[in-house]
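Across the two complexes that follow, subunit A remains constant while its partner is subunit B and subsequently subunit C.
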Partner chain A sequence: MVTFNLLVNAVVTGILLGGFYAAVTIGITIAFGMLDIVNIAHPVFIIMGSFIAYIVNRNFGLDPLLTVILATPLFFLLGIVIFRFYYAAFEKSGKGSLRGLAFFFGILFVIEVTLLLAFGVDYRLVQTSYIGPNIGFKHIDLPLRMVIPFVGSMTMVTGLYVFFSHTFIGRAIMAVAQDEFALSLMAVDTIALRQLAFGVAIATAAIAGGFLIVIQPVDPSLGREYIGRVFAICVLGGLGSITGTVIAALILGTVETITSTLFGPSWAPAVSFAALLLTLAIRPSGIMGR
Partner chain B sequence: MTRIPSWIWPIIIAVLVFAASRVVKNEYYMFAGYVVLQYIVLASAWNILGGYSGYVNFGSAAFFAIGAYGTVVLDKLWQPPLVVAIFLGGIVASLVGLVTAYLTLRLRGVFFAIATLALAIVLQTLVVNWDYVGGPLGYYSVRPDSIVGFPSYVNYLFVVMLVLALITVLVARAIEWSFIGRGLAAIRDNELAAECCGVPTLRLKVFATMVSGGLMGMAGAPFPYYITYLDPNSAFSLAYGINSIAMPLIGGMTHWIGPVIGAVLLAVIQQVATVTISSELNLMIVGGLLITFITLAPNGIVGLFETYRQQRHEHASP
Partner chain C sequence: MPRHLINQSCLTRRHFNRALVGVGALAAYGSLPFASALGAEPIKIGFGMAQSGPLGGNGKAALLAIEMWRDDVNRQGGMLGRPVELVYYDDQTNPALIPGIYSKLFDVDKVDLVLGGYGTAVQAAALPIVMQRKQLLIGTGAVAVNDKYNYDKYFQMLPNGSTARTSTSEGFFQAAVTMQPKPETVAIVGAVTEFSHNVILGARENAEKYSLKVVFDRGYPPNQVEFGSIIRSIQAANPDVVFVASYPPDSAGVIRAAYEQKLQTRMFGGAMIGLQYSELKQQLGPMLNNVLCYEFYVPAPTTNFPGIEEFLHTYQERAKKAGADLLGFYLPPYAYAGMQILEKAVAMAKGLDATAIAKYIHANTFNTVVGEVAFAPNGDWAKPRLLYVQYQGIVGNDLEQFKQIGKQVIVEPQEFAYGKLRYPFSASG
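On to the complex of A and B.
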């Protein structure tokens, strides 16, 4: 019997989960929504972040979240390298879309199989003080392993929002997203701006990876589950809108948790696809789309 | 002397392969050959939409699994002949293709790609939750007794897949050479211009998705009998997704022979690598080859060959 109490707990957990989904999706919002680069390998970069947190935590006992924050410059550089390659090979010659997709699909595979060969199919987890205890109010239990990623993720997303709406560089990137051609006529180096933005997108994957391994144990192929989810959130939010991404992530997280409370957790992955198809059929521009 | 039409060659090769299957006694070759033929079907079917029109389908595994699980349902109901299962699998898969295509193909191509990727994940969720077909535990299918006229059931499956591969290649070739193929090529080059010239773009795209998905479903239908134990992970294996993209890309997407070359090449490499090295590593090889080819030889092996021929032609007639 589903009690009221259970439902309230599901909604609260869903919101916490949704906050984490925002951190996972924000990189796609930047890469796909703003830069028009369909980086379907994004989830696998997140898994990479999780594994870095795992290795460092296991060998040196360092906190996973601290580790991934330290790893962001590396991911930023990785993003720049990938963008350079992507740009030189596909965008310059004007044959972006299809081949670019297949290119990222190939990257997804190579990274996933590398992780698989290095770590095997076992689930890996980290040890920290905040995995385990709950904080509770009356009937609601808040597991700290969900609360901390939620808070961290909201901080990161707010930071990015401020970056894109209030700094000079951030606003320049938004301008590239709006009309790259017009900007290039004003002698702006749009490629450098896009490269920077893509670096930021990949850097968020490192942090999201840290949150992921705090929330649940990670195995190399976990990323696949997130591909449908992140794109559903991104499309639902209205491509390229940070506010929209957060709202959509909270909605999807809540619906998923309620679904798994009512029908069992094995049904949760179907939610994102339903959300994606419904959005595409009813309002393809998403919640915050123009 | 009149020129031999090119559709003769697939038929001649198929007949030769059939003759070989009568002579070869070692069952392992049938087993390995089945996989190669299956990939010829998947790659050629993928190419009808992906290669000719430029719309990427990541969900080959979904269509394949529809065929495979269709057979499981039929197997539990009344064990019809395999041909019936293949037809039904093809029809159901093409209907799923119709719905997905109609909902997403009106938008930018990227949405279709993402929707097909998600389709594979969701169908897998459905199958995992569907106890009738075994759920997460999978399903053991008992192979029927050997069919009259065939030395063994594996041999029969091999011949069935050979016929399917031949049909797929001929269908792909027929589409490529008809007004449909020209329309799809126009969509690939510039969809807006094509639409303006009166090409019925949406109808062509939906049609191509249905044919492509249906053929993939047909390829999946004999699969439960081939491996005898079918579980969601093997039916929805991402290997189908990546291989059916990598094979046409590596072989060359603009000509019907491209996917066949890619499929034979990659499937043989993978069969050898699985036996000699490891099955994870062979996916790595495919990923690496895929990246190499799309960056260095975007038109695949067929493209390389054509460039070579053009250059020689220029040298010969200055």
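On to the complex of A and C.
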């Protein structure tokens, strides 16, 4: 029987889950929504982040979230290198869209196979003090394993929002997203801005990877499970909108847990994607799309 | 030539001749089979085995066990006086690759015998090809693959028995009804996948058989991330017993969520794949306490089959280098036992004729590292032997503790039971 207590817990858990989904999706929002780069390999960069957190946690006992924060600059540089290659090989010659998609598919498989060869196919977990304990408020139980990634995710997303809307560089990137040609007429190096933004997108994957391995066990091929979900959230939120991404992620997370509680978890994906279709039917550009 | 050099030369030649005679004598005595096997045309055994994909971990461990058998049998002179050579490919846990792999094994590699890889889907894809060639197929592990075909040359090594759908959960329900007072209600939850779905169907049948009322019965999608809401819903139904049929990442998710939500019930566990793997055992550690789950082998006086200790000792040494499962309790002994059966049957059939080998396997019981094995007409084990074990007294995350007797207590079947079921379930250990 569904009680009020169950329902409240489902909503709260859904919000926590949505927060995690926002962290996983925000890199896609930047790359796909703002830069028009179909980085289908984004989830595998997240898995890379998870494995870095795993190695350091296993060998040195360091906290997985601290590890991925330290790994962020490396991911940023990796993003820049990948963008340079992508730009030189595809975008410059005007063959960005379809061949670029194939390029990122290739990256996805290369990283996945490298992880497979290096770590095998076993599921990996981490040990931290916040896996296991709960914090509770009256009838609401919040597993710290979900709360910490939620707080971390919201902090990261807020930071990115401030960066893109209140800093000179961030606003310049938003301007590139809106009209790159107009900016190039004003002698702005739009490629450098796009490169920077792509680096930021990949850097967010490191942090999301840390959240992921705290929440669930990870294996090299897990990234594929997230491809559909992250693109759905990105589209639902409205391409390129950070606020929209957060709202869409929270909606999807909440719909999943409420459906799971009311009708059973096997209905959750169907109801979530029905919500996506309904929203797009009413508002084709997404919740916050322009 | 100076005389001392001539002498040296004569001595060398004499020594060489003596050595040659010595080697000949040795070959004629203890090493004769080895010497003759080395010279003979090898017997090629071909198979696809998952080295990547969702079942890659199991496939790696099974492959290591099969390689150990090859090394052992070649040391003893091979089969039929011929050395054994393995020809295998990574099937990536992908049934779509199986037709290509097995066609290549038969037509290009010209293998003499084939094995089935690990997993129901891949063996289901391999069986029709093997049937077409009228060859023998000994599968590492699958459930109910031969039910539709009833092919008389198919055998598989998982101890689920010929009634796998119900036998996978039967031990759990048998253990449940030993509790006092007898439980009345059960919650059933599992992944919406082929394996879990079949297990859940069987669990419903067993619930009816053991007079337990199903008060919660739900599935979840394979990419489920959050399990807290499922555990809360189960708790709201307040069942006496909770049965879970899950895949490795879900098993970890369900156990963590039960631990976090402090699930209150009398018995918790089920057919949770993944808990048999070293990595998850080690990582979940004390969260496993009081969980009841199936295993194929755990150390206990009742499972001390002849040769199992030596096998595991060698396996565990080699697994470190091979990057395979470090304990090797799950699949490796069964993969090795399958090869022991093949070896014996080939020897007794005195050749590689598939019909003769299959006839011998059907007619006999085999003593292997996993005990006595006999097969039902459909090629599954004649008598199911899934061990339902309860994790007890797990402290910290040291893997070595899982090698100790008493940490994974067998509660069913009674024939192998070694310890008592602890209840009610307490998620805090």
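What we mean here is this: the second predicted complex is superposed on the first by the 269 of 290 C-alpha atoms of A that agree within 3 Å, B and C clash if a C-alpha of one lies under 4 Å from a C-alpha of the other, contacts with A are read in each partner's own complex, and residues count from 1 in each chain.
Everything below uses one rule, namely that contacts are C-beta pairs under 8 Å (C-beta built on N, C-alpha and C of every residue); 3 or more make two chains touch, one makes a residue touch a chain.
What you are looking at is a predicted structure, and each value in this text was computed from that prediction instead of being measured.
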Partner chain in contact with A:Ser266 - subunit B first, subunit C second, else both or neither: both
First (subunit B), second (subunit C), both or neither touched by A:Ala281: first
First (subunit B), second (subunit C), both or neither touched by A:Gly132: second
Partner chain in contact with A:Leu116 - subunit B first, subunit C second, else both or neither: both
Partner chain in contact with A:Ser165 - subunit B first, subunit C second, else both or neither: neither
Contacts of A:Ile107 with subunit B and subunit C, given as first, second, both or neither: first
First (subunit B), second (subunit C), both or neither touched by A:Glu225: both
Contacts of A:Gln178 with subunit B and subunit C, given as first, second, both or neither: neither
Subunit B and subunit C footprints on subunit A, overlapping residues: 113, 116, 225, 264, 266, 269
Subunit C-touching residues of subunit A, taken from the complex the two chains share: 1-3, 6, 9-10, 13-14, 17, 20, 113, 116, 120-125, 127, 131-134, 141, 143, 145-146, 215-217, 219, 221-222, 225-226, 229, 256-257, 260-261, 264-266, 268-269
Residue ranges of subunit B in contact with subunit A within the complex: 50, 54, 56, 58, 103-104, 107, 109-111, 113-115, 117-119, 121-122, 124-126, 128-129, 136, 238, 242, 245-246, 249, 280-281, 283-284, 286-288, 290-291, 294-295, 298
Complex contacts: residues of subunit A adjacent to subunit B: 32, 38, 40, 85, 89, 95, 97-99, 101-103, 105-110, 113-114, 116-117, 224-225, 227-228, 231-232, 235, 264, 266-267, 269-270, 272-274, 276-277, 280-281, 284
Residues of subunit C that touch subunit A when the two form their complex: 51-57, 60, 192, 218-226, 228-230, 232-233, 236-237, 248-249, 252-253, 256-257, 259-262, 274, 277, 279-280, 283-284, 287, 323, 325, 397
